[in-house]
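Heads up: the structure comes next, in structure tokens.
Letters are used for the chains, namely A, B and C, taken in the order the chains are written, and counting of residues starts over at 1 for each.
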């Protein structure tokens, strides 16, 4: 590649770049990004950059944008104003009466900012270029979660216990069985009446349970009450000599039958 | 194609192949077949042989190379399974049903389930009884010598231990409960318990509460158990 | 309690401890801290020592024992990544803003949003920060003890894990950048003056860091990591 060619290419590249700058102004992330890009055209170490030259380039860029009626965001214009100020400071001999940082100081700081931004760009590229998890190296494919074994222990103290007991004992709903509900109670009188009527027909030994009123044999509470009162009634009738009771063995069914009048 | 031709592809040394198998088995979510291994490794590799080496290398280690069906995987050594468990102890209050049931057993023992239901006025779930049995706070007592011979429940040594009692008889009686303000002064409506009597009778009548009407019922109650 | 008493618990032999650490690290996709290891291993175990042995054992193998911040993990050797296309997870492509912001947080941490903006020369969108927080690559650090107590951002363990870093100190080029003064938070000249003239306000906003004291904490990266 000849020198001529390369010069030509550079100028073409530069022209393209400057056009791109204008077209792509939105592609820049603010004035600092733009300044950094412009500084690249100086092809020197960022530490040796000519801030004055950079300021001129930037101002030129803004001028061009204006010519092309490209609307620049406010921060680009603010930067332009500041660079114009910086440029004048750099060009004019320092005024000893003027307060504030010198043009050189301001320029140095801008150069620092550019260098720092460039360094961060470089660092981010290096970071993203590292071997990365799930791309270059990998974690365990099958993981075994720690199974949490929950062991529940229950506690209660003596106070809980006593309170629970008193709660039951003082519960409004609490009633001894016989008061619980009248309609579940077959009184002994009722059973006796019933048995007196029925026993006359029972010549054979019959299971006492068959004497329970039919509608009292289902529901356990009613069955229980009917059993008790029927049993009590049979005892009463046996005492009166009206019937006999027998049981073959403990827990065997109770059987009853009419007792034939004696002495007949 | 002769075999010599294939060797031109120069498979990596066996040590490298072993590393590859190791990495693949490590990173795969599922067990990997030899065929899969061969498909992923450089041409000419011999995953089966590499596996033999790898398996040997992991012998006695914290993880092992194991065969799962037709495929291979790395798994935790069985004796270290305990490391994958974390026991957390959670303390919970006993449910109201459980504490009430427990109180009834303590005050009325030996007591049948039907009697517990009678006293609580609601049915007692199997779970509640089981929980108390599991806690080793109640146990089965003698069967009641009534029709159906229902089982009874009594409290255990562990119960006495937990509640700091020498015996169930040490439980405060109704009168003491009342004095301690744990019990309303209002006697339960229709209560025929002689709780107003003087002396230490409370305890006795508590343990007698099962008396009277309670017992005829047993045969019926059993059916429910 | 003397040390002799403690030894009554008899920690398992180091070889066993090494197996345990191996099993635990293999079982977890995420790095496990020494503290967690100790919590799961039998009393008296010394996971830190076991890790030294284990790390050595895996040198040059297909998987490696790596340190991630305060925690440890097993990862496949990076040179074998080519075998893993199957496991590769397509990560969402990060915007340039997000990548730069991430790098700035990593190299300058703890760093405030205003400082990130100062370095990049543009404002940082909420979405960029959110995205990095969501990836669990950055998190909130301590508040800066300056007026307004701005929040700071720092990188996470997941960040270190993702980029294969033992600690933020191992960030590539960190030392050089520091030596070049490029990690300094150098205040703009004149910013120590009470207030600049009204006309300069805008650009002060743009390029001046939030305040001077902000930079007292310059070297915090060391303290934190």
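One rule holds in what follows: a contact is a pair of C-beta atoms (placed from the backbone, for glycine too) under 8 Å apart; a residue touches a chain by one contact, two chains touch by 3 or more.
Since this is a predicted model, take the numbers as computed values, not measurements.
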Report task. Name the chain whose C-alpha centroid is most distant from the C-alpha centroid of chain C. Result -> B
**Report entry** Chain nearest the overall C-alpha centroid of the shown protein atoms
**Finding:** A
Requested in this report: Could you please state the distance in Å, as a whole number, between where the Cα atoms of chain A are centred and where those of chain C are centred?
Outcome: 26
Report summary line: Chain centres from averaged Cα atoms put chain B and chain C apart, in whole Å, by 43
Query raised in the report: What are the residues of chain A that contact at least two other chains?
Result: 138-141, 144, 146
Report task. Would you mind listing the residues of chain C that make contact with two or more other chains? Result -> 26-27, 40, 74, 76-77, 84, 87
**Report entry** Partner chain A, residues of chain B touching it in the complex
**Finding:** 23, 26-30, 73-74, 76, 84-94, 96, 98-100, 102-104, 106-107, 118-121, 131, 135, 147, 162-165, 171-172, 174, 177, 180, 182-184, 186, 188-192, 213-214, 216-217, 219-221, 223-224
Requested in this report: In the complex, go through chain A and note every residue touching chain B.
Outcome: 138-142, 144-158, 160-179, 220, 223-224, 227-228, 231, 251
Query raised in the report: What residues of chain B sit close enough to touch chain C in their complex?
Result: 18-24, 26-29, 40-41, 60-63, 74, 76-77, 80, 83-84, 86
Report summary line: So, in the complex, the side of chain A touching chain C is made of residues 29-33, 75, 78-79, 81-82, 99-102, 105-106, 108-109, 112-113, 115-117, 119-124, 126-128, 130-141, 143-144, 146
